Amino acid sequence: MADQAAPQTALLAGVPGRSRAWMIWLAATAALALVAPHLLASGFGISLLNRMAIAIVFALSFNMLLGQGGMLDFGHAVFFGLGGFATMHLLKLADAGIFLPVPLLPLAGALGGLVSAVPAGWVATRREGTSFAMVTLGIAELAVAFVVMLPQWFGGEEGVSGDRSAEPALFGFDFGAALQIYYVIAAWALLAAVLMWAITRTPLGRLTNAVRDNPLRVDFLGYDPARIRFLCFALAGLFAGVAGGMQALNDEIVTVSNIGSAASGAVLLMTYIGGVGTFWGPVLGAIVVTLLQMALGTLTDAWQLYSGLLFVFMVLWAPGGLSGIILSHAPLLRAGLGHRLLARYLAVVPAALLTLAGLIGLAEMAYRLQAVRSGGAPGRLFGFAVMPTDPVAWVAPTLLLLGGLLALRSLAPRARAAWQEAHTLLARGTPR
Amino acid sequence: MTENTALALEDLHKSFGATAIIRGVSLDIRAGSCHAIIGPNGAGKSTLFHLITGRLKLDRGRIRLAGHDITGLSPHRVFRHGLARSFQVTSLFPRLSVFENLRVAAMWQARCGHAYWRSVAGYPGLHGRVLDMLENLHLTPRRNVPAAALAYAEQRTLEIGLALIGGAHTILLDEPTAGMSRAETERAVALLRRLAGGRTLVLIEHDLSVVFDLADTISVLAEGQVIASGSPQTVRGDAAVRAAYLGTAAEDLA
Amino acid sequence: MEGLLLVLLNGLVYGLLLFMLSSGLTLIVGMMGVLNFAHASFYMLGAYFAYTISVGLGFWPALIIAPLLVGGLGALVERYGLRAVHRHGKLAELLFTVGLAFVIGEIVPLIWGRPAVPYRVPAVLDFPAFALGGINYQAYRLFMMGVSVAIFAGLYAALARTRLGLVIRAALTHPEMVGMLGHNVPRVFTLVFGAGCALAGLAGVIGGNVFTTSPGMAEALGAIVFAVVIMGGLGSIPGALLASLAIGFIQTASVTLDTPLGVLLGRLGMAVDPHGALAEITIARAAPAVPYLLLVLVLVVHPRGLMGARAD
């Protein structure tokens, strides 16, 4: 057993193997969170880390529903945003002189998320599957309408803003500095992630998985599936509220857009790209998508289109997301079957790059054409000056795209076959 | 109804649209017995189970479980009164492991409630109970395999296990051996015999060798009515049953 | 009195447009069990196609060609997209259409630009058919109503009474069986999906010039369409009609009421601080929330919708 090989430190003695692996993971993550801002010692780097931490908590709470419970919540940002508003109102009270320790304010977010998720969940969790999703869409619209209707509470277009450093310093920290608020946010992210992970190991967590797989059977085992869905929904709302509270502290402003459909769409994108089948998938997705958004969002207007295409691509060809891809290859690599895949996989790369170049070329041309039509400059693309108004200029990217697609058509199935072959070999237990 | 009646059905009726499927079924099932329900395809046997367990709403009639009126209760409430069931069409948790399937089925009895503040590993007896059941089902080597990846007979075995592990005093099994080979069927019968211990089993079964092997009472359902009920010997000799079972099955009966 | 009549008429027009829009989705949901999130996007495409065609050929050719184009596009989406995710289940299908809606929503402004395009009501029908309370009532709106009613009648008859409807419904519950009877089940699904999308396209052709044709039109109506389909009961054509009309009337009526909520609640005997946040909302400002409020109310009372047959 691997347990005996591992050194038995006093701290971990007596802890079963699986939990110990998790504790090591946790310690490593905490250590990374501690040193990360010093590795990236720039204001931009720290704000990036903060956004990632917030996204991670939000995506994990979303996956409590989608991945764990099979519930697609189109309005998850409602709880995120209302948690944010709750936190912000307390922050304003604190600004007004009432003693409220700033680092604890995301608790108000948790409460805000929970309180709003209870009535929403009461209505929505009576249904399951696609109907559930549609009902949450209606609830989200309703919530946005209410928030817009009540500018006295939600600040209308401008939203509600506060100042986290306005109140008297707490033990010498006033949380105005980026690094100070980073540690507050990182601590909340770690705490929330650990709690959400712990919940997966409880009876409710396991029953949630069971309801996802087969609600009918759960009903015949003594549990009301609607009640399980409801509890899961309420908890997910609570953690979304925590994420909203973290964001309120970070940005010092919360607006209607934080509860709207774009925010709900963003969390779906992150979670799905990371993969809903594992606990850590959404963490990966939150990190990757936040990075992509930072990198591409400044580089091109087409970021929204690209993320939409990426999402469709994942739904069609990689429904397990990044974590699914990793999980389906890890055992192959461990068994030394990697070399069987490498050649076939590498063959796909040029074709994929060709397709991508064609796609990006067409999309960028189209965006430039819009820019030119509204009186802007077309700019350069891949170092070339582009003339989007000239039909000839569209020929090259179109050819690239078609050529790439044709090549993919013949190469992708071969890569897939190699992968399947490797799995058969693995199942038969004859590596190499 | 006497003191030791586990399940009493009183004049049950059910129609789908204009077609009456269950037409006045009354049955008393003795506590601790193994009661088989047989009958031709489409007789309404599964529908009867759906009515008892709250999956379908009764049109008329009353159901009592160990003296409690369970008429009209939803399935989870019926379960909480001590009645579990298995399905004719295998109904498992495909993405959960065999171990997890059984553990979910045992949770209510282990008083897990809906707890989200306490690890499921910390419930006394739950873990051991699942391990015992795995052993009994001969599924211990497969404990970490997702239910969807099991072979058909293994899935059927797990299906029975889910019904048995929850601690119900009355268990309805809908064709537990359907699709199993001879050897697999024999193992399933042995399993039921071993685990029945004092509980009431109600069994829908087409395989008459299983029926005569296990049952101490047999009821014959045809066109939504009980046409005969009694000990295996009486039912075997009943003329109405022979009429309902023309063909190959009639020779089996003889 | 005339004010009331006008509200009723406007509500009827709006309700019937909603029905036209949701009829295609109801068809798809009822026959295939797929909730097509991109349905309103096909509505938007219908309007834009019609605009482009009507610039060249005029409105009447657009009325035929645009829905056909949208329907063809829908059939392609079903054949090469939906069919591939079908085996991953309903949620995967829904997610696929979510992504599709998003991508269409990004591509449309790329082609036609961000501002609304000047898609106009055809001149032949742009005259006052009658006047009501000093307000002229456009003939085109009567035409809209006529088309909606025709769609309802056509769909209802086709699904309930014809052999095709029977085959389609059987294909949903027993695909293998229907396959063995010699019907090409996948092709039936492609056709149904294409037809549903064509209906959305038709609604776009007819509604796009009365309302606005802009890249935001899909998002503005998308959620309402789902509210209609869920409220009516998944797959029920009469249910969708009922829900559309209910939303149409109530929303139109509430737009015209600018009594503050506080006054209203006061009349009902509830004391509300007259200067508080709640009291100052007028009914008119709450109008956008009406469809969703109705949806939630219906679901609380009737979890399967007004006339729901499908449990799912």
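So that you can tell them apart, the chains are marked A, B and C in the order they are listed, and the count of residues begins at 1 in each.
We adopt the following convention: contacts are C-beta pairs under 8 Å (C-beta built on N, C-alpha and C of every residue); 3 or more make two chains touch, one makes a residue touch a chain.
Here the structure is a predicted model, which means the values were calculated and not measured.
Student: Graph shape for the chains shown, where an edge means the two chains touch. Line, ring, star, complete, or other?
Tutor: Here the contact pattern is a line, an open path with two ends.
Student: By mean C-alpha position, what chain is farthest away from chain C?
Tutor: That would be chain B.
Student: By CA centroids, point me to the most central chain in this structure.
Tutor: A
Student: Find the geometric centre of each of chain A and chain B from their Cα atoms only, then give the gap between the two centres in Å, rounded to an integer.
Tutor: Their C-alpha centroids are separated by 44 Å.
Student: Distance-wise, how many Å sit between the C-alpha centres of chain A and chain C, to the nearest whole number?
Tutor: 31
Student: Would you kindly tell me how far, in whole Å, the mean C-alpha position of chain C lies from that of chain B?
Tutor: From the centre of chain B to the centre of chain C is 47 Å.
Student: Which residue numbers or ranges of chain A touch two or more of the other chains?
Tutor: none
Student: Please output the residues of chain C touching chain A within their complex, sorted ascending.
Tutor: Checking each residue of chain C against chain A gives 35, 81, 84-85, 88, 90-92, 94-96, 98-100, 102-103, 105-107, 109-111, 113-114, 219, 223, 226-227, 229-230, 234, 276-278, 280-281, 285-286, 288-289, 291-293, 295-296, 299-300, 303, 312.
Student: Given the complex with chain B, which residues does chain A contribute to the contact?
Tutor: Its residues touching chain B are 198-199, 201-207, 209-210, 212-214, 216-224, 227-228, 231, 235.
Student: If we count contacts the way the header does, which residues on chain A are in touch with chain C in the complex?
Tutor: Of all residues in chain A, those touching chain C are 70, 72, 123, 126-131, 133-135, 137-142, 145-146, 148-150, 152-153, 261, 265, 268, 272, 302, 304-305, 308-309, 311-312, 315-316, 319, 363, 366-367, 369-370, 373-374.
Student: Note which residues of chain B are touching chain A in the complex, please.
Tutor: Listed in rising order, the residues are 53, 55, 74-76, 79-80, 84-85, 87, 91-96, 100, 103-105, 107-109, 112-121, 123, 162, 166.
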